[in-house]
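Next come the structures, one after another.
Presented sequentially are two complexes of chain A, the first with chain B as partner and the second with chain C.
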Partner chain A sequence: MFYRETGQFKTSYAADMQIFPIRQDRIALWVVLAFAFIGIPLLDGLQVWPFGGEYMLRAILIPFLILSLAAIGLNILTGYCGQLSLGSGAFMAIGAYSAYKFGTGVDISFGLFDLSIPPLSVLPSILLGGLMAAIIGILFGIPSLRIKGLYLAVATLAAQFFFDWVFIRVKWFTNYTSSGSVVAPDLNFFGYVVNAPIERYLLCLVFVTIFALLAKNLVRGNIGRQWMATRDMDIAAELMGIRPLYAKLSAFAISSFIMGVAGALWAFVYLGAWEPLAFSIDRSFQILFMVIIGGLGSILGSFLGAAFILVLPIALDQVPHALGMPISVETVSLLVFVITGALICWLLIVEPRGFARLWLTGKEKLRLWPYPY
Partner chain B sequence: MRKLTLALTALALGATGMTAPAMAQNEQFLPSLVYRTGPYAPNGIPFANGVADYWTMLNERDGGINGVKIVAEECETGYATDKGVECYERLKGKGPTGAGYFSPLSTGITFALTEKVPGDKIPLLTMGYGRSESRNGAVFPWNFVAVGSYWTAADVAIQHIAKELGGADKLKGKKISLVYHDSPYGKEPIAALEQRAKVNGFTFKAIPVTHPGVEQKSQWLAIRQDRPDYVLLWGWGVMNSTSIKEAAAVGYPRDKVIGVWWSGAEPDVTPAGDQSTGYKALMLQHGAGKFKVHADLEKFVISKNKTATKDDFAQVLYNRGLLNSMLGTEAIRTAMKKFGNKPMTGEQVRWGFENLDLTAARIKELGFEGMVSPIKLSCADHQGADVARVQQWDGKAWKVISDYYKADRSILDPMVKDASAKYAAEKKITARDCSKES
Partner chain C sequence: MILFGQFLEVLVSGLLAGVLYSLVALGFVLIFKASGVFNFAQGAMVLLAGLALVRSLDMMVANGLPFWAAIMLALLFAALVMAITAFMVERFVLGPLINQDGLTLFMSTIGVTFIIEGGAQMLFGSDVYPLRLFPSDAWFLFEDSFPGGILVSKIDVWGGLIAAVLVVGLALFFQKTKTGRALRAVADDHAAAQSVGISLNWIWFIVWLVAGLVALVAATVWGTKLGVQFSITFLALKALPVLIIGGFTSVPGAIVGGLIVGAGEKLAEAYLGPFIGGGIEYWFAYVLALVVLMARPQGLFGERIIERI
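Moving on, here comes the complex of A and B:
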């Protein structure tokens, strides 16, 4: 009844080509954005539960936003371009460590000449971190021109293990700290130091909003169609004039760039101090699961998947204590594993195409409501 | 559908009500980051039990600390840094005054929390682990690496080797290898050992083992080829027993293997059975066994069935948990002397830590005589002690085989100074002037 595009006539090409062609979707997007940008800071300022304490922002929303960004990155590669990757953790790590190096100054001696970059401020460091991840992403994307599917997953797995090793072993990346753990520089944006949880949250939100809109736009344009054609049938795509080299490598580059930025944010904004274990193979799997559960080939799905994989275990973990049940933490954490696992199985049986598909089904139903046929 | 919605709403409302239970005003909230699951659980469980039991005993025997009841809550970290950070955020604001102090029992979590505690004003008690340079309280006001750091441990281990060889001059030309957990935890001692290698002229080699440490065949084969005179072991959890088994498999004598104090507990040696006999490990001053405090624990906690402890009672890591809680609660007691007998804030507990002075008489009173020697913390010295002993596993129990060694501060102090100055420069921290602190 309410969700119907009847009467919304498109009178110009611009109107026809909007990101969200249905007015209700646009309104919903604005409401969500307004809530995220204005509502949450307001609720935080007024100390309204659950946004009052720092817990909601620091332990739930910030990691949720950053991991959503990483999931968007992987979704471009795996969901839209169909290139299975297990190297997300590595690309995040490259972003984090490059941003760290750029943030603390780079000095490389090539014998004949020295490359010396003074410490950059945070914003260029993070973006350059993303750029480095994009370059490495292209390098590790080259095998994708020859191999597909699970074999490509193994090649990206090699990237994961290689960079785990590099950041543990090559002390240059950690500025020769004795423990191998590095500390992020201050989040100094044009003289303003971002420190309070709400500021950190807004910082992540800005990054995520920009990249999500960018990704949403990319995937419905020329390049996105090339990715999807390659995903659906690469030979047919090639016959139609799509260059697989360009399509696949651009997917690797953009996806790695976004994951690199997400990695830099994870290290700088969320953790503050980190070690290579923060970007281990577990992180790669976590992000892959987010994409699969959320829905391959859907930007919204990346957010839903991140919420499910990240927030659900944390919420389940707190239920027994909140209800005053005397269960030991040991039992609770095992129960969380069991319940989350069971839910994932159930979800994949009921809807193998993830939350995004469920969302679409819901939208279809809503269109016909209250007179379904 | 409507019923479901109603039920969900009711549940949500119920949950809202539950999350803010009425907190009595006279309660001290103490959080506990534990790992009772995962690859490090065998070592995490006894420590967590010791920590919890000491608090329970104070509540049962004395009604808390000076009449302020302790309310504790555990949060499972699984030894993962991001989970630890989430737990910290979850627990830091609970109770009338917030968390008193945190003890994460993980070097990785310690590094992450070191960046967060100055903002939240909560002290970190990292007894025998964490950042070695955080001994310098002028730069690290919130970190308390009390009783011993990894650099102290490395130094003491070398001193013990020197003694076994018959003098520090005998170290010259010897080969000492370090098998370490490839994480900040395992890497910490390397700087101190390299420094010692320079001073004493032995060849030092560091051999990493990937987390969680169940796969170390190649490392021990390399040791068999290299034949070092001694092997130092910096492992945790399942890595320790695996190392001992692999040492046995390549025929490396176990009595030439010396573990750090985190590699010297019962769960580390019992899985390897007879192969562990002869293995040595440092002691964070205390060892296993029952002391005076254990009688009270049996009377007030164990007999009343208010504990999760089973066979781990009075084991090495259980006792370390007791010691950890004792230091924390004594710091709170010290703070109460200044601020009054009410729940302390993190900031007040920090003052308590910095002015903590455990004399021999007080330690005896607390029932810890024989477990720990007197310790005094101050603004400039957040470690307070430099001594450790060595113990050996005889197949059934740990036997103390050495007297107290004192770490050589003339070697370690400059390292602490350099590392903390580097940290201060990186974070743009102006060090406090400890001569002006009250």
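Moving on, here comes the complex of A and C:
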């Protein structure tokens, strides 16, 4: 009744091409953004439950935002371009460690000349971290020109295990700390040091908003259509004049860049101090599950999947506790395994496009409601 | 002479360890050949089989059964568990996903992996359980030709023997029995096999059952070597590069690939490791697979991949 585009006439091309063609969608988006940018800081300042205190921000909202960003990155590669990757953790790690090295100064001696870069401030470090991840992503994407599907999954697995090892064994990356764990530099943005949880939250929010908007625009433009054609049938796409080299490698580059930035944020903003285990293969699977559950080929799905995967263990821990039947921590973690696995199988059978598709179906229903036709 | 002795020792231990990779890779190949499903859950199935075996064995021994009877019963119990798993997977996951593309099926087996990993540990516990089926000491061979001889661990030799028996058994099963021929028919062409009256659902159940039994065999050897524990699933992941190198559709390829990976990573660790920081066993197999992928995507023994629109 309320969700209907009747009477919304497009009078210019710009109006016809906008991201959200239906006015109600635009309003909803502005409401969500306003709540995220203004509402949550206000509620946090006023100490309204559940936003008061640090728990909500530190344990749920900040990881949610960063992992959504990583999921968007993987979704571009797997959901839009159809290249399955089990190496997201590695690309996040590359982003994190490169950002760390740029943030603390790089010093390489090539024998004849020395390359030394003074410590950069946080913003360029994070972006350069993403850039490094993009370069490595292109390198590991080259096999995708010859192989695909399962074979490529093994190639990305190679990236995962190789970089796990690199960041444990090559001490240069950790600035020779004895324990192998490193501490992020201060989050100094143009003289302003981001420290309180709410500031960290807003910082992540800015990053995620910008990148989500960029990604949304990319996937509906020329390059996004090339990715989707390659995903649906690569040979047919090639015959239509889409260069697989360009389409696949650009997907690898952009996806790795976003994952690298997400990794740098995860390390700098969420963890603060971290060791290589933070980006192990478990992280890769976690992000892959977010994408599958949320919806392959959907930016909204990345957020839904991230929210679900993050909230599931917390809910399994808290709800039985509130009902007076607490489950042990170990059972919870195993139960998370079983539920996630079962949900993936169920979604692949019933709704292969994940939660995002369910959301769209709901919207379609809402357009017709209350009349059936 | 000492150097050559060392080399032989590393090579032999590598080859024998490679046999263990082959054991897991075999399970992958069987399922891939018969149903075109790339079964990511094989490692989890090894864990499940191992846990079912070791836990029931411990319980029966604790209740006073003689060891040999307990082993028999425990093996039967574990086989039953694998049969139930095969039935459930076929009935509830792969059956409804008939005719979907390979990537979807692959992702569904990742889901199955997590269900099995979580479920197995909830049912049987999640500690490290030692399993003692085979002697765990070692032989010293050729002590007169090399100083100190060559150290060969008995478990590895047992593993090699078992793998040989298994391969012969599987070959006979595929070549001589009616079910085996039906399996090969399904592998060749689903639709044609269906049209001559072969039930796909039954065949897929059989395939998953056979893969489950192969996983059980792998679990007996690996469980004795390392103890039955969660990290077995990660070792099983190494079967993936083995498959890439050997080719997805070839049983001999799985064996040869396993040997190459096993020997390669041990030799690399022993001779390359000291120069670049050690621990390269962790990724060597994968990078080797990456190189093979670049040069020969179908693997050493795989069928050439031909695509049509």
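One rule holds for everything that comes next: the second predicted complex is superposed on the first by the 343 of 373 C-alpha atoms of A that agree within 3 Å, B and C clash if a C-alpha of one lies under 4 Å from a C-alpha of the other, contacts with A are read in each partner's own complex, and residues count from 1 in each chain.
FYI, contacts are C-beta pairs under 8 Å (C-beta built on N, C-alpha and C of every residue); 3 or more make two chains touch, one makes a residue touch a chain.
Keep in mind that this is a model prediction, so the values were computed, not measured.
Q: Could you say whether A:I168 touches chain B, chain C, both of them, or neither, answering first, second, both or neither?
A: both
Q: Looking at the overlay, does A:L334 come into contact with chain B only (first), chain C only (second), both, or neither?
A: both
Q: Between chain B (first) and chain C (second), which, if any, makes contact with A:I138: first, second, both or neither?
A: neither
Q: Taking the two structures together, which residues of chain A meet both chain B and chain C?
A: Of chain A, residues 168, 330, 334 contact chain B in one complex and chain C in the other.
Q: Can you name the residues of chain A that touch chain C in the complex?
A: 82, 84, 143, 146-147, 149-151, 153-155, 157-158, 161-162, 164-165, 168-170, 233, 235-236, 239, 285, 288, 292, 330-331, 334-338, 340-345, 348-349, 352
Q: Could you list, by residue number, the parts of chain A that touch chain B in their complex?
A: Residues 49-50, 53-55, 58-59, 63, 104, 168, 178-181, 183-186, 195, 270-275, 277-278, 280, 314, 317-319, 321-324, 328-330, 332-334.
Q: Considering only the defined contacts, which chain B positions touch chain A in the complex?
A: So the residues of chain B touching chain A come out as 14-16, 18-21, 34, 36-37, 45, 73-76, 78, 81-82, 85-86, 89-90, 92-93, 107-108, 111-112, 114-116, 119, 131-132, 182-185, 187-188, 190-191, 208, 211, 308, 419, 423, 426-428.
Q: Using the touch definition up top, name the residues of chain C that touch chain A in the complex.
A: Residues 38, 92-93, 96-97, 100, 102-104, 106-108, 110-119, 121-122, 126, 237, 240-241, 243-244, 248, 276-280, 282-283, 286-287, 289-290, 293-294, 297, 307, 309 of chain C touch chain A in their complex.
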